[in-house]
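Shared chain: chain A. Partners: chain B in the first complex, chain C in the second.
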Partner chain A sequence: MTETDQARYLYLIANTEEERSLGDVGLGDSPVYTIVFQDIAAVVHASKPEPEPAKNEEQAKQWILNHNYVIDKATENFNTVLPFSFGCLARGDDKTIKRWLQKNYGLYKRELERLKNSAEYSIQIFYDPKILEKQIIETIPELKEIDQKIETMPKGKAYIFKKKFELGLKQAVSDHLASMGREFGKLIKENSIQTIIEEKIPYVPEKYAGKKVMVAFSCLVAQENVDRFGQSLEKINKREEFAVRFTGPWAPFNFVDLKGNIEDET
Partner chain B sequence: MKPEREKDSLGELLNRMVTKGVLINADVIISLAGIPLLGVKLEAAIASIETMLEYGLFEELDKKTRAWQLEHRKTSPLLQEDEEIELQFYGSFFQELHPIWKYCFIYVTNHRIFGWNKAFNKILFEIPLAKIQMTAICKGIYQDEERDELCLSLENEEKLYLHSSDLIGLQDQICKLIPEPVRGS
Partner chain C sequence: MPIEIDEKNLKKGLLGLVVALVEIITELLEKQALLRIENESLSDEEIERLGEALADLSEALETIKADNNIEDTVESVRCGLDEVVDDVVDKLMNPARWAKEVEKHDRNRPGEISLLDS
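After this line comes the complex of A and B, so read on.
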């Protein structure tokens, strides 16, 4: 047994009965192939048993892109897959992996069937605080009135009224966003199989500069529903004060649920 | 509108691949979650969303999401012996050594204050309570807007700034925990 036979880097689990190669497309151009048990397979490359950290940031980036590429390619070939987090290295050879697939076959198969013909999409809704505030002032006569009066007031009084105005506006913006948020959430939920709210988002492209993130979702959407979903989002995107960023399809990173397999982590 | 695929957006990929996806804790797995393999810091590519937390949007849905996440991830940092959590919140901190606001889970315990990055299970900063000499709420500028921040003065004239949705509550809690004669101002 050579050293590279002693571990397998895991990319994903897919629905396939075919033992095949996906080409030298893995981390560091490693050859990627399927290890099949009945009609499911793990997609892996053979690796040394000791994790070797990336040498520099460039390599780390390349590896992340490689990992993603394998997942994309497998999705093209095998329909929806169960994607692994970056950096899962399993000790053992093909037989070990096969035994592990066998042991958890029911769970993986069930999850693959559940996620079939669907994909993950990410939705970020931005708002333009300046436009939104302007719109809100127009709709609340009390605020509009104070706003207009402030200019003619003596300095001291103007200060107090300005504070009052700011507080009132802040509250109104907050109420408005909360109610819009509920509305958008409903619209998005109607078109998705599953929805989660993201607490973190990747850096936002330049074109959204000056806007604030209102809310971000990851959604599991059935293939046949994607167009309708896009149309619903377009309605939000058309509004002057909001902008929607819609990305995907991604492998269902957020929605793979292998509860049964996760042992007590503590 | 049609979904876009920004394939080369590293931030987008990192967010998914390093912090999400199947993480199995089986006996066969040697290396989990990419940290040993990556060996390089790439965490900067992920930003936080304040707005929805600030406005308490989607509380119901959010609760479910959190519950799901909680079941699947390392949910708490490793505590010292007889250490108890007095307060925990999602907030941001700022140190003069690394002058940028960073978001994380912040814990106030009977021993220390520390920031914990959940995805990487990493302590980002740590201050023993005994080192805090004074607490004060002060004004700071963040993204061109003035806001209140909690400033903790430490030994050697070091300072740690914290931001949360309830600064006064945070200050009270810290003041209760730190020994006299330190007092808030």
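After this line comes the complex of A and C, so read on.
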């Protein structure tokens, strides 16, 4: 069998000198193992050279969970890892992978060292629009006054002034959120090695129904800083109008920089 | 492959689009009315008349939405338009973002790592 007849499904690159099996924990219970070059290793399973599509949505979900399970398990075993996205297939055999590790050794080793003893955390800050609006109305006399006068106005005038009230309140909420966002961003940045503002939030748990997303970050946090970081976020969480969702540790998907040019976006 | 068109959905979508556009125009009219009130260029009577007309229009739009069950369609059209406008404005304000997006897209694409030529 030539090396082009084979492929290796890639999970991650880790700091280890040990050739070992991680068990039948891969996609479709495939045996997962390390391919070592010096003191780094690719964690893979042997695969056919052509990508095999999932039979149905359920199987696709299961494969994604398997992929993440391998990354979690490897993180437990090897500390920091450089994770690959789901579905990364490299054509070739173990020797090919070894040559590839050899060729890029400096790059991968540098990244593994840079990310050592740190992990990715996801932070989403939500606000309760009703509570926040109530608080803001109390602090802006002009809005409070319009709100009180509307009830006594005739229909047409009341409609127009209601719109004025709504627009003023919307602007005040937006200004307040921008200001709080800067404050929270500073707090988060102080406790992180790197931060990225997430523009899209794919999943919001039921617990936060009725609340709106204010801002979301992915953060690279040093292990020694995690407790302090959690305490700072808890202070925000205790405020009546805000709620914080803090999840992790995850493998540093958003912070692996194989081109050396990730910039801090905050 | 022929394109299948569901007549009911098409009607709903078109009506949703029209109502969404009328809503946006109504909001512009409301803002104009507020500006004129602030400039004190409208009498109390004119404010009342204008307010009543806008209130009636708003009520009529709500009735059309409820009768035709197109609340979600209108909401979705408006969200879509908001996103398009946000995106265009954002890119006009921050041209560097284009470059960043392209770079981010190209970065760390493991599927493109060439192994066999190494």
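Observations
Everything below uses one rule, namely that the second predicted complex is superposed on the first by the 255 of 266 C-alpha atoms of A that agree within 3 Å, B and C clash if a C-alpha of one lies under 4 Å from a C-alpha of the other, contacts with A are read in each partner's own complex, and residues count from 1 in each chain.
Please note the rule applied: a contact is a pair of C-beta atoms (placed from the backbone, for glycine too) under 8 Å apart; a residue touches a chain by one contact, two chains touch by 3 or more.
These numbers were taken from a predicted model, which means no experiment stands behind them.
When the two complexes are overlaid on chain A, chain B and chain C occupy overlapping space and clash.
By the touch criterion stated above, A:Val215 is placed in contact with chain B alone, chain C being left untouched. Of the two partners chain B and chain C, it is B that touches the larger number of chain A residues. In the superposition on chain A, A:Val244 makes contact with chain B only, not with chain C.
Of the two partner chains placed by the overlay, only chain C lies in contact with A:Lys157; chain B stays clear of it.
Applying the stated contact rule after C-alpha superposition, one finds that A:Pro49 touches chain B and leaves chain C untouched. Shared-chain residue A:Leu167: touches chain C; no touch with chain B. Applying the stated contact rule after C-alpha superposition, one finds that A:Cys88 touches each of chain B and chain C. In the three-chain superposition, chain C clashes with chain B only at 22-30, the remaining stretches of 22-30, 76-84 or 112-120 being clear. The residues of chain A shared by its contacts with chain B and with chain C are 84-85, 87-92, 96-97, 100, 256, 258-259, 261. Contact residues on chain C toward chain A in their complex (touch as defined above): 30-31, 33-34, 37, 44, 47-55, 58, 103, 107-108, 110-111, 113, 115-116, 118. The touching residues of chain A, when paired with chain B in their complex, are 7, 12-13, 49-54, 56-57, 59-61, 63-65, 67-68, 72, 82-92, 96-97, 100, 121-122, 174, 177-178, 181-182, 185, 189, 195-205, 212-216, 226, 230-231, 233-234, 237, 244-251, 253-254, 256, 258-259, 261-263, 265.
Remark: chain A residues 3-4, 10, 84-85, 87-92, 96-97, 99-100, 103, 154-160, 163-164, 167, 256-259, 261 touch chain C in the complex. Interface residues of chain B, counted against chain A in their complex, comprise 1-26, 28-40, 42, 45-58, 61-62, 65, 68, 71-74, 90.
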